[in-house]
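In what follows, a single structure is set out as C-alpha coordinates and then discussed.
Chain nomenclature is as follows: A, B, C and D, assigned in order of appearance, with residue numbering initiated at 1 for each chain independently.
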(Lines give C-alpha, C1' and ligand atoms only; values in the text may rest on other atoms or scores of the structure.)
Protein backbone atom coordinates (compact mmCIF):
# COMPACT_ATOMS: atom_id res chain seq x y z
CA UNK A 1 0.00 0.00 0.00
CA UNK A 2 2.92 2.34 0.62
CA UNK A 3 4.55 1.59 -2.69
CA UNK A 4 1.37 2.05 -4.69
CA UNK A 5 -0.65 5.09 -3.60
CA UNK A 6 -4.43 5.16 -3.80
CA UNK A 7 -5.73 6.98 -6.88
CA UNK A 8 -7.36 9.86 -4.98
CA UNK A 9 -4.33 10.33 -2.71
CA UNK A 10 -2.29 10.62 -5.90
CA UNK A 11 -4.68 13.22 -7.34
CA UNK A 12 -4.45 15.31 -4.17
CA UNK A 13 -0.71 14.73 -4.16
CA UNK A 14 0.26 14.25 -0.54
CA UNK A 15 3.59 12.88 0.64
CA UNK A 16 3.82 10.49 3.57
CA UNK A 17 6.83 11.61 5.63
CA UNK A 18 6.93 9.17 8.52
CA UNK A 19 4.82 6.30 9.80
CA UNK A 20 4.51 4.30 12.98
CA UNK A 21 1.54 2.72 14.75
CA UNK A 22 1.40 5.82 16.99
CA UNK A 23 1.79 8.56 14.38
CA UNK A 24 1.54 9.17 10.65
CA UNK A 25 2.94 12.43 9.30
CA UNK A 26 2.31 13.76 5.81
CA UNK A 27 2.85 16.91 3.81
CA UNK A 28 0.79 18.56 1.13
CA UNK A 29 2.20 21.24 -1.13
CA UNK A 30 -0.45 23.91 -1.77
CA UNK A 31 -0.61 23.81 -5.56
CA UNK A 32 -2.87 26.12 -7.57
CA UNK A 33 -5.27 23.27 -8.40
CA UNK A 34 -5.91 22.58 -4.69
CA UNK A 35 -7.01 26.15 -4.01
CA UNK A 36 -10.21 28.06 -3.65
CA UNK A 37 -10.37 31.82 -4.26
CA UNK A 38 -8.62 33.70 -2.83
CA UNK A 39 -5.71 31.35 -3.42
CA UNK A 40 -5.66 29.29 -0.22
CA UNK A 41 -5.92 25.54 0.26
CA UNK A 42 -9.53 24.37 -0.22
CA UNK A 43 -11.21 22.97 2.88
CA UNK A 44 -12.12 19.88 0.91
CA UNK A 45 -8.46 19.25 0.16
CA UNK A 46 -7.62 19.58 3.86
CA UNK A 47 -10.28 17.01 4.76
CA UNK A 48 -9.15 14.65 2.01
CA UNK A 49 -5.53 14.97 3.18
CA UNK A 50 -6.44 14.15 6.78
CA UNK A 51 -8.78 11.34 5.81
CA UNK A 52 -5.98 9.65 3.92
CA UNK A 53 -3.58 9.93 6.86
CA UNK A 54 -6.18 8.57 9.29
CA UNK A 55 -7.07 5.61 7.12
CA UNK A 56 -3.38 4.88 6.65
CA UNK A 57 -2.73 5.05 10.40
CA UNK A 58 -5.59 2.64 10.99
CA UNK A 59 -4.18 0.15 8.49
CA UNK A 60 -0.91 0.17 10.45
CA UNK A 61 -2.85 -0.98 13.52
CA UNK A 62 -5.22 -3.52 12.00
CA UNK A 63 -5.07 -7.17 12.95
CA UNK A 64 -4.18 -9.55 10.12
CA UNK A 65 -6.90 -9.81 7.49
CA UNK A 66 -8.98 -6.94 8.80
CA UNK A 67 -9.89 -3.89 6.73
CA UNK A 68 -11.24 -0.45 7.57
CA UNK A 69 -13.58 2.27 6.39
CA UNK A 70 -14.17 5.81 7.65
CA UNK A 71 -17.60 6.04 9.28
CA UNK A 72 -17.50 9.70 10.32
CA UNK A 73 -15.20 12.70 10.24
CA UNK A 74 -15.26 16.14 11.84
CA UNK A 75 -13.09 19.11 10.95
CA UNK A 76 -12.60 22.51 12.56
CA UNK A 77 -10.88 25.11 10.40
CA UNK A 78 -8.82 27.85 12.04
CA UNK A 79 -6.47 29.48 9.54
CA UNK A 80 -5.99 29.58 5.78
CA UNK A 81 -2.97 27.88 4.19
CA UNK A 82 -1.72 30.05 1.33
CA UNK A 83 -0.72 28.97 -2.17
CA UNK A 84 2.90 27.83 -2.22
CA UNK A 85 2.97 26.87 1.44
CA UNK A 86 3.32 23.26 2.61
CA UNK A 87 0.61 21.93 4.94
CA UNK A 88 1.81 19.36 7.45
CA UNK A 89 -0.55 16.78 8.90
CA UNK A 90 0.21 14.77 12.01
CA UNK A 91 -2.23 12.00 12.81
CA UNK A 92 -2.26 10.42 16.28
CA UNK A 93 -4.69 8.04 17.99
CA UNK A 94 -7.40 9.01 20.47
CA UNK A 95 -8.65 5.42 20.66
CA UNK A 96 -7.55 2.09 19.20
CA UNK A 97 -10.17 -0.54 19.96
CA UNK A 98 -11.27 -3.82 18.45
CA UNK A 99 -14.35 -2.34 16.77
CA UNK A 100 -13.37 1.26 16.10
CA UNK A 101 -10.30 3.47 16.05
CA UNK A 102 -10.46 7.24 16.38
CA UNK A 103 -7.67 9.42 15.00
CA UNK A 104 -6.98 13.11 15.29
CA UNK A 105 -4.97 14.96 12.67
CA UNK A 106 -3.50 18.39 13.30
CA UNK A 107 -2.86 20.35 10.12
CA UNK A 108 -0.26 23.08 10.49
CA UNK A 109 1.11 25.67 8.09
CA UNK A 110 4.73 26.31 7.25
CA UNK A 111 4.88 29.01 9.95
CA UNK A 112 3.69 26.48 12.54
CA UNK A 113 0.21 27.96 12.98
CA UNK A 114 -2.60 25.43 13.50
CA UNK A 115 -4.79 25.47 10.37
CA UNK A 116 -7.29 22.69 11.11
CA UNK A 117 -8.01 19.71 13.35
CA UNK A 118 -9.70 16.62 11.92
CA UNK A 119 -11.13 13.82 14.09
CA UNK A 120 -12.31 10.67 12.34
CA UNK A 121 -13.73 7.30 13.34
CA UNK A 122 -12.59 4.20 11.47
CA UNK A 123 -14.59 1.00 11.63
CA UNK A 124 -12.49 -2.14 12.01
CA UNK A 125 -13.93 -4.82 9.75
CA UNK A 126 -12.86 -8.27 10.89
CA UNK A 127 -12.13 -10.93 8.27
CA UNK A 128 -14.96 -13.38 7.73
CA UNK A 129 -14.18 -16.60 9.47
CA UNK B 1 -18.23 32.49 -9.89
CA UNK B 2 -20.51 30.15 -11.80
CA UNK B 3 -18.83 30.76 -15.12
CA UNK B 4 -15.33 30.31 -13.70
CA UNK B 5 -15.09 27.32 -11.35
CA UNK B 6 -12.71 27.29 -8.40
CA UNK B 7 -9.48 25.40 -9.14
CA UNK B 8 -10.11 22.61 -6.61
CA UNK B 9 -13.72 22.15 -7.70
CA UNK B 10 -12.36 21.74 -11.22
CA UNK B 11 -9.83 19.14 -10.05
CA UNK B 12 -12.55 17.14 -8.31
CA UNK B 13 -14.77 17.66 -11.35
CA UNK B 14 -18.25 18.22 -9.99
CA UNK B 15 -21.15 19.59 -12.01
CA UNK B 16 -23.62 22.06 -10.53
CA UNK B 17 -27.08 20.94 -11.70
CA UNK B 18 -29.42 23.48 -10.16
CA UNK B 19 -29.15 26.42 -7.79
CA UNK B 20 -31.50 28.51 -5.73
CA UNK B 21 -31.14 30.20 -2.33
CA UNK B 22 -32.91 27.16 -0.79
CA UNK B 23 -31.09 24.36 -2.58
CA UNK B 24 -27.94 23.63 -4.56
CA UNK B 25 -27.72 20.31 -6.38
CA UNK B 26 -24.58 18.88 -7.90
CA UNK B 27 -23.33 15.67 -9.43
CA UNK B 28 -19.98 13.97 -9.29
CA UNK B 29 -19.03 11.20 -11.69
CA UNK B 30 -16.99 8.57 -9.85
CA UNK B 31 -13.85 8.54 -11.97
CA UNK B 32 -10.92 6.22 -11.27
CA UNK B 33 -8.78 9.06 -9.90
CA UNK B 34 -11.39 9.88 -7.22
CA UNK B 35 -11.32 6.34 -5.83
CA UNK B 36 -9.76 4.50 -2.98
CA UNK B 37 -9.23 0.73 -3.09
CA UNK B 38 -11.46 -1.14 -3.59
CA UNK B 39 -12.66 1.15 -6.35
CA UNK B 40 -15.23 3.30 -4.58
CA UNK B 41 -15.41 7.07 -4.19
CA UNK B 42 -12.87 8.28 -1.61
CA UNK B 43 -14.36 9.79 1.55
CA UNK B 44 -12.18 12.83 1.01
CA UNK B 45 -13.73 13.39 -2.40
CA UNK B 46 -17.21 13.16 -0.87
CA UNK B 47 -16.31 15.80 1.73
CA UNK B 48 -14.74 18.05 -0.89
CA UNK B 49 -17.82 17.70 -3.10
CA UNK B 50 -20.18 18.66 -0.27
CA UNK B 51 -17.97 21.48 0.96
CA UNK B 52 -18.09 23.06 -2.46
CA UNK B 53 -21.88 22.83 -2.64
CA UNK B 54 -22.27 24.30 0.85
CA UNK B 55 -19.96 27.21 0.17
CA UNK B 56 -21.75 27.87 -3.10
CA UNK B 57 -25.16 27.81 -1.40
CA UNK B 58 -23.89 30.28 1.19
CA UNK B 59 -22.67 32.67 -1.50
CA UNK B 60 -26.19 32.66 -2.99
CA UNK B 61 -27.49 33.92 0.36
CA UNK B 62 -24.83 36.46 1.31
CA UNK B 63 -25.63 40.14 1.63
CA UNK B 64 -23.84 42.43 -0.82
CA UNK B 65 -20.11 42.64 -0.19
CA UNK B 66 -19.98 39.82 2.34
CA UNK B 67 -17.81 36.73 1.94
CA UNK B 68 -17.75 33.34 3.63
CA UNK B 69 -15.46 30.63 4.90
CA UNK B 70 -16.18 27.13 6.23
CA UNK B 71 -15.46 26.99 9.96
CA UNK B 72 -16.42 23.38 10.62
CA UNK B 73 -17.75 20.34 8.79
CA UNK B 74 -19.06 16.95 9.90
CA UNK B 75 -19.67 13.92 7.72
CA UNK B 76 -21.31 10.56 8.37
CA UNK B 77 -20.63 7.87 5.80
CA UNK B 78 -23.23 5.15 5.19
CA UNK B 79 -22.62 3.42 1.86
CA UNK B 80 -19.87 3.21 -0.74
CA UNK B 81 -20.36 4.82 -4.16
CA UNK B 82 -18.83 2.53 -6.78
CA UNK B 83 -16.59 3.49 -9.71
CA UNK B 84 -18.67 4.56 -12.69
CA UNK B 85 -21.65 5.64 -10.61
CA UNK B 86 -22.74 9.28 -10.31
CA UNK B 87 -22.99 10.72 -6.80
CA UNK B 88 -25.70 13.34 -6.36
CA UNK B 89 -25.42 16.00 -3.67
CA UNK B 90 -28.33 18.10 -2.52
CA UNK B 91 -27.50 20.92 -0.16
CA UNK B 92 -30.26 22.61 1.86
CA UNK B 93 -30.15 25.08 4.76
CA UNK B 94 -30.56 24.23 8.44
CA UNK B 95 -29.91 27.84 9.45
CA UNK B 96 -29.34 31.10 7.60
CA UNK B 97 -28.37 33.78 10.09
CA UNK B 98 -26.45 37.04 9.99
CA UNK B 99 -23.30 35.56 11.51
CA UNK B 100 -23.39 31.92 10.43
CA UNK B 101 -25.19 29.67 8.00
CA UNK B 102 -25.42 25.91 8.44
CA UNK B 103 -25.99 23.65 5.44
CA UNK B 104 -26.68 19.96 5.17
CA UNK B 105 -25.80 18.00 2.06
CA UNK B 106 -27.22 14.57 1.35
CA UNK B 107 -25.07 12.50 -0.98
CA UNK B 108 -26.96 9.74 -2.78
CA UNK B 109 -25.90 7.06 -5.22
CA UNK B 110 -27.37 6.33 -8.64
CA UNK B 111 -29.66 3.73 -7.05
CA UNK B 112 -31.01 6.37 -4.64
CA UNK B 113 -29.33 4.95 -1.53
CA UNK B 114 -28.04 7.51 0.97
CA UNK B 115 -24.22 7.42 0.88
CA UNK B 116 -23.29 10.25 3.24
CA UNK B 117 -24.62 13.32 5.05
CA UNK B 118 -22.42 16.39 5.48
CA UNK B 119 -23.28 19.27 7.82
CA UNK B 120 -21.13 22.40 7.64
CA UNK B 121 -21.04 25.82 9.28
CA UNK B 122 -20.16 28.83 7.16
CA UNK B 123 -19.07 32.06 8.78
CA UNK B 124 -20.56 35.19 7.20
CA UNK B 125 -17.83 37.82 6.95
CA UNK B 126 -19.35 41.29 6.65
CA UNK B 127 -17.63 43.87 4.45
CA UNK B 128 -15.49 46.34 6.34
CA UNK B 129 -17.34 49.61 6.63
CA UNK C 1 -37.42 0.17 29.68
CA UNK C 2 -40.34 2.44 28.92
CA UNK C 3 -42.01 1.86 32.27
CA UNK C 4 -38.83 2.49 34.24
CA UNK C 5 -36.89 5.49 32.96
CA UNK C 6 -33.10 5.71 33.15
CA UNK C 7 -31.87 7.73 36.14
CA UNK C 8 -30.33 10.55 34.07
CA UNK C 9 -33.38 10.81 31.79
CA UNK C 10 -35.43 11.20 34.96
CA UNK C 11 -33.11 13.94 36.25
CA UNK C 12 -33.41 15.84 32.97
CA UNK C 13 -37.12 15.15 33.00
CA UNK C 14 -38.07 14.44 29.41
CA UNK C 15 -41.36 12.89 28.31
CA UNK C 16 -41.51 10.35 25.50
CA UNK C 17 -44.54 11.27 23.39
CA UNK C 18 -44.54 8.66 20.63
CA UNK C 19 -42.35 5.80 19.52
CA UNK C 20 -41.99 3.64 16.44
CA UNK C 21 -38.95 2.06 14.77
CA UNK C 22 -38.91 5.04 12.36
CA UNK C 23 -39.39 7.90 14.82
CA UNK C 24 -39.17 8.73 18.50
CA UNK C 25 -40.67 12.00 19.68
CA UNK C 26 -40.10 13.54 23.09
CA UNK C 27 -40.74 16.77 24.91
CA UNK C 28 -38.74 18.63 27.50
CA UNK C 29 -40.25 21.39 29.62
CA UNK C 30 -37.68 24.15 30.12
CA UNK C 31 -37.52 24.27 33.90
CA UNK C 32 -35.34 26.76 35.78
CA UNK C 33 -32.85 24.05 36.78
CA UNK C 34 -32.18 23.18 33.09
CA UNK C 35 -31.20 26.74 32.23
CA UNK C 36 -28.06 28.74 31.76
CA UNK C 37 -28.03 32.51 32.17
CA UNK C 38 -29.85 34.27 30.63
CA UNK C 39 -32.66 31.84 31.34
CA UNK C 40 -32.65 29.62 28.26
CA UNK C 41 -32.27 25.85 27.99
CA UNK C 42 -28.62 24.83 28.54
CA UNK C 43 -26.89 23.32 25.51
CA UNK C 44 -25.88 20.39 27.64
CA UNK C 45 -29.52 19.66 28.44
CA UNK C 46 -30.36 19.77 24.72
CA UNK C 47 -27.61 17.24 23.97
CA UNK C 48 -28.68 15.00 26.85
CA UNK C 49 -32.30 15.15 25.65
CA UNK C 50 -31.37 14.15 22.10
CA UNK C 51 -28.93 11.47 23.22
CA UNK C 52 -31.68 9.80 25.20
CA UNK C 53 -34.09 9.85 22.25
CA UNK C 54 -31.43 8.45 19.89
CA UNK C 55 -30.47 5.63 22.23
CA UNK C 56 -34.14 4.81 22.72
CA UNK C 57 -34.77 4.75 18.97
CA UNK C 58 -31.83 2.41 18.53
CA UNK C 59 -33.15 0.02 21.15
CA UNK C 60 -36.43 -0.18 19.20
CA UNK C 61 -34.44 -1.41 16.19
CA UNK C 62 -31.98 -3.80 17.85
CA UNK C 63 -32.02 -7.50 17.09
CA UNK C 64 -32.84 -9.76 20.03
CA UNK C 65 -30.13 -9.78 22.68
CA UNK C 66 -28.13 -6.90 21.22
CA UNK C 67 -27.32 -3.72 23.14
CA UNK C 68 -26.07 -0.28 22.09
CA UNK C 69 -23.83 2.56 23.12
CA UNK C 70 -23.36 6.05 21.67
CA UNK C 71 -19.95 6.31 20.03
CA UNK C 72 -20.15 9.89 18.80
CA UNK C 73 -22.56 12.81 18.73
CA UNK C 74 -22.60 16.16 16.94
CA UNK C 75 -24.87 19.10 17.66
CA UNK C 76 -25.47 22.38 15.87
CA UNK C 77 -27.27 25.04 17.89
CA UNK C 78 -29.43 27.62 16.11
CA UNK C 79 -31.82 29.31 18.51
CA UNK C 80 -32.32 29.59 22.26
CA UNK C 81 -35.27 27.89 23.94
CA UNK C 82 -36.59 30.17 26.69
CA UNK C 83 -37.58 29.24 30.23
CA UNK C 84 -41.16 27.98 30.35
CA UNK C 85 -41.19 26.84 26.74
CA UNK C 86 -41.42 23.15 25.77
CA UNK C 87 -38.67 21.80 23.52
CA UNK C 88 -39.79 19.05 21.14
CA UNK C 89 -37.33 16.49 19.83
CA UNK C 90 -38.02 14.28 16.83
CA UNK C 91 -35.49 11.55 16.20
CA UNK C 92 -35.40 9.79 12.81
CA UNK C 93 -32.89 7.39 11.25
CA UNK C 94 -30.21 8.32 8.71
CA UNK C 95 -28.84 4.77 8.73
CA UNK C 96 -29.83 1.49 10.35
CA UNK C 97 -27.13 -1.09 9.73
CA UNK C 98 -25.93 -4.24 11.42
CA UNK C 99 -22.90 -2.57 13.02
CA UNK C 100 -24.00 1.01 13.48
CA UNK C 101 -27.14 3.13 13.42
CA UNK C 102 -27.10 6.88 12.89
CA UNK C 103 -29.96 9.04 14.15
CA UNK C 104 -30.77 12.68 13.66
CA UNK C 105 -32.84 14.61 16.17
CA UNK C 106 -34.42 17.95 15.37
CA UNK C 107 -35.13 20.06 18.43
CA UNK C 108 -37.82 22.68 17.92
CA UNK C 109 -39.29 25.34 20.17
CA UNK C 110 -42.94 25.89 20.98
CA UNK C 111 -43.13 28.43 18.14
CA UNK C 112 -41.88 25.81 15.69
CA UNK C 113 -38.44 27.38 15.15
CA UNK C 114 -35.56 24.94 14.78
CA UNK C 115 -33.37 25.22 17.90
CA UNK C 116 -30.78 22.49 17.30
CA UNK C 117 -29.95 19.42 15.24
CA UNK C 118 -28.17 16.46 16.84
CA UNK C 119 -26.65 13.59 14.83
CA UNK C 120 -25.37 10.57 16.73
CA UNK C 121 -23.84 7.20 15.92
CA UNK C 122 -24.88 4.17 17.95
CA UNK C 123 -22.79 1.05 17.95
CA UNK C 124 -24.78 -2.19 17.76
CA UNK C 125 -23.25 -4.69 20.17
CA UNK C 126 -24.22 -8.23 19.22
CA UNK C 127 -24.84 -10.75 21.95
CA UNK C 128 -21.93 -13.08 22.63
CA UNK C 129 -22.60 -16.42 21.05
CA UNK D 1 -20.18 33.73 37.71
CA UNK D 2 -17.81 31.58 39.75
CA UNK D 3 -19.53 32.32 43.04
CA UNK D 4 -23.01 31.67 41.68
CA UNK D 5 -23.17 28.56 39.50
CA UNK D 6 -25.55 28.29 36.56
CA UNK D 7 -28.72 26.33 37.39
CA UNK D 8 -28.00 23.44 35.01
CA UNK D 9 -24.37 23.16 36.14
CA UNK D 10 -25.71 22.91 39.67
CA UNK D 11 -28.16 20.16 38.65
CA UNK D 12 -25.37 18.17 37.01
CA UNK D 13 -23.19 18.90 40.01
CA UNK D 14 -19.71 19.51 38.62
CA UNK D 15 -16.86 21.07 40.57
CA UNK D 16 -14.49 23.53 38.96
CA UNK D 17 -11.00 22.60 40.18
CA UNK D 18 -8.73 25.14 38.49
CA UNK D 19 -9.07 27.93 35.97
CA UNK D 20 -6.79 29.99 33.80
CA UNK D 21 -7.21 31.47 30.31
CA UNK D 22 -5.34 28.42 28.95
CA UNK D 23 -7.07 25.64 30.88
CA UNK D 24 -10.18 24.93 32.89
CA UNK D 25 -10.30 21.70 34.89
CA UNK D 26 -13.41 20.26 36.49
CA UNK D 27 -14.55 17.09 38.20
CA UNK D 28 -17.86 15.27 38.16
CA UNK D 29 -18.72 12.61 40.70
CA UNK D 30 -20.66 9.82 39.02
CA UNK D 31 -23.82 9.80 41.12
CA UNK D 32 -26.67 7.36 40.54
CA UNK D 33 -28.90 10.06 39.03
CA UNK D 34 -26.32 10.80 36.32
CA UNK D 35 -26.25 7.20 35.10
CA UNK D 36 -27.75 5.16 32.35
CA UNK D 37 -28.16 1.38 32.67
CA UNK D 38 -25.88 -0.40 33.27
CA UNK D 39 -24.74 2.09 35.90
CA UNK D 40 -22.23 4.21 34.01
CA UNK D 41 -22.17 7.97 33.43
CA UNK D 42 -24.77 8.95 30.79
CA UNK D 43 -23.33 10.35 27.56
CA UNK D 44 -25.59 13.34 27.92
CA UNK D 45 -24.07 14.13 31.30
CA UNK D 46 -20.58 13.93 29.79
CA UNK D 47 -21.55 16.39 27.05
CA UNK D 48 -23.21 18.73 29.55
CA UNK D 49 -20.12 18.60 31.77
CA UNK D 50 -17.79 19.48 28.88
CA UNK D 51 -20.09 22.16 27.50
CA UNK D 52 -20.03 23.92 30.84
CA UNK D 53 -16.23 23.83 31.04
CA UNK D 54 -15.88 25.12 27.46
CA UNK D 55 -18.30 27.99 27.98
CA UNK D 56 -16.52 28.88 31.21
CA UNK D 57 -13.10 28.83 29.51
CA UNK D 58 -14.45 31.12 26.79
CA UNK D 59 -15.75 33.60 29.35
CA UNK D 60 -12.23 33.80 30.84
CA UNK D 61 -10.96 34.93 27.43
CA UNK D 62 -13.71 37.32 26.35
CA UNK D 63 -13.03 41.00 25.83
CA UNK D 64 -14.90 43.35 28.17
CA UNK D 65 -18.63 43.41 27.54
CA UNK D 66 -18.68 40.46 25.16
CA UNK D 67 -20.75 37.33 25.72
CA UNK D 68 -20.68 33.84 24.21
CA UNK D 69 -22.88 30.99 23.08
CA UNK D 70 -22.04 27.45 21.94
CA UNK D 71 -22.75 27.09 18.23
CA UNK D 72 -21.68 23.47 17.77
CA UNK D 73 -20.24 20.60 19.75
CA UNK D 74 -18.82 17.20 18.83
CA UNK D 75 -18.12 14.31 21.18
CA UNK D 76 -16.37 10.98 20.70
CA UNK D 77 -16.98 8.41 23.42
CA UNK D 78 -14.29 5.81 24.19
CA UNK D 79 -14.86 4.23 27.59
CA UNK D 80 -17.59 4.07 30.20
CA UNK D 81 -17.17 5.87 33.54
CA UNK D 82 -18.64 3.70 36.28
CA UNK D 83 -20.91 4.74 39.13
CA UNK D 84 -18.86 6.05 42.06
CA UNK D 85 -15.92 7.09 39.92
CA UNK D 86 -14.94 10.74 39.43
CA UNK D 87 -14.73 12.00 35.84
CA UNK D 88 -12.11 14.68 35.26
CA UNK D 89 -12.46 17.18 32.42
CA UNK D 90 -9.61 19.31 31.15
CA UNK D 91 -10.54 21.97 28.64
CA UNK D 92 -7.84 23.63 26.53
CA UNK D 93 -8.02 25.94 23.50
CA UNK D 94 -7.58 24.90 19.88
CA UNK D 95 -8.34 28.42 18.67
CA UNK D 96 -9.02 31.77 20.34
CA UNK D 97 -10.07 34.29 17.72
CA UNK D 98 -12.09 37.48 17.66
CA UNK D 99 -15.20 35.82 16.21
CA UNK D 100 -14.99 32.25 17.47
CA UNK D 101 -13.11 30.18 20.03
CA UNK D 102 -12.75 26.42 19.79
CA UNK D 103 -12.11 24.35 22.91
CA UNK D 104 -11.31 20.70 23.38
CA UNK D 105 -12.14 18.88 26.60
CA UNK D 106 -10.61 15.54 27.48
CA UNK D 107 -12.69 13.53 29.93
CA UNK D 108 -10.73 10.94 31.87
CA UNK D 109 -11.71 8.36 34.46
CA UNK D 110 -10.22 7.88 37.90
CA UNK D 111 -7.85 5.26 36.47
CA UNK D 112 -6.57 7.78 33.91
CA UNK D 113 -8.19 6.16 30.89
CA UNK D 114 -9.57 8.56 28.26
CA UNK D 115 -13.38 8.32 28.35
CA UNK D 116 -14.39 11.00 25.84
CA UNK D 117 -13.16 14.00 23.86
CA UNK D 118 -15.46 16.97 23.27
CA UNK D 119 -14.69 19.76 20.78
CA UNK D 120 -16.94 22.81 20.78
CA UNK D 121 -17.14 26.13 18.97
CA UNK D 122 -18.12 29.23 20.91
CA UNK D 123 -19.31 32.34 19.13
CA UNK D 124 -17.92 35.58 20.54
CA UNK D 125 -20.74 38.14 20.65
CA UNK D 126 -19.35 41.66 20.78
CA UNK D 127 -21.16 44.28 22.84
CA UNK D 128 -23.40 46.59 20.82
CA UNK D 129 -21.68 49.90 20.34
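Before moving on, here are some points about what is shown:
The rule is simple: a residue touches a chain if its C-beta (ideal position, glycine included) is under 8 Å from a C-beta of that chain, and two chains touch if they have at least 3 such contacts.
Since the structure is predicted, the reported quantities are computational estimates derived from the model, not experimental observations.
In terms of the stated touch criterion, the partners common to chain B and chain C are A, D, listed by label.
The interface at A-B recurs elsewhere; of B-C, C-D or B-D, the pair that shares more than half of its residue-numbered contact pairs is C-D.
By number of C-beta pairs in contact, A-D leads over the other of A-D and A-C. Rounded to whole angstrom, the centroid-to-centroid distance between chain A and chain C, based on C-alpha atoms, equals 31 Å.
In this assembly, the C-alpha centroid of chain C lies 19 Å from the C-alpha centroid of chain D. If you average the CA atoms of chain A and of chain D, the two centres end up 27 Å from each other.
In chain C, the positions touching at least two other chains are 71-72, 74, 76, 121. Contact topology of the protein chains: fully connected, every pair of chains touching. Residues 74, 76, 78, 94-95, 97, 102, 104, 114, 117, 119, 121 of chain D are the ones touching chain A in the complex.
Contact residues on chain A toward chain B in their complex (touch as defined above): 6-12, 32-37, 42-45, 47-52, 55, 69-77, 80.
Chain C contributes residues 71-72, 74, 99-100, 121, 123 to its touches with chain A in the complex.
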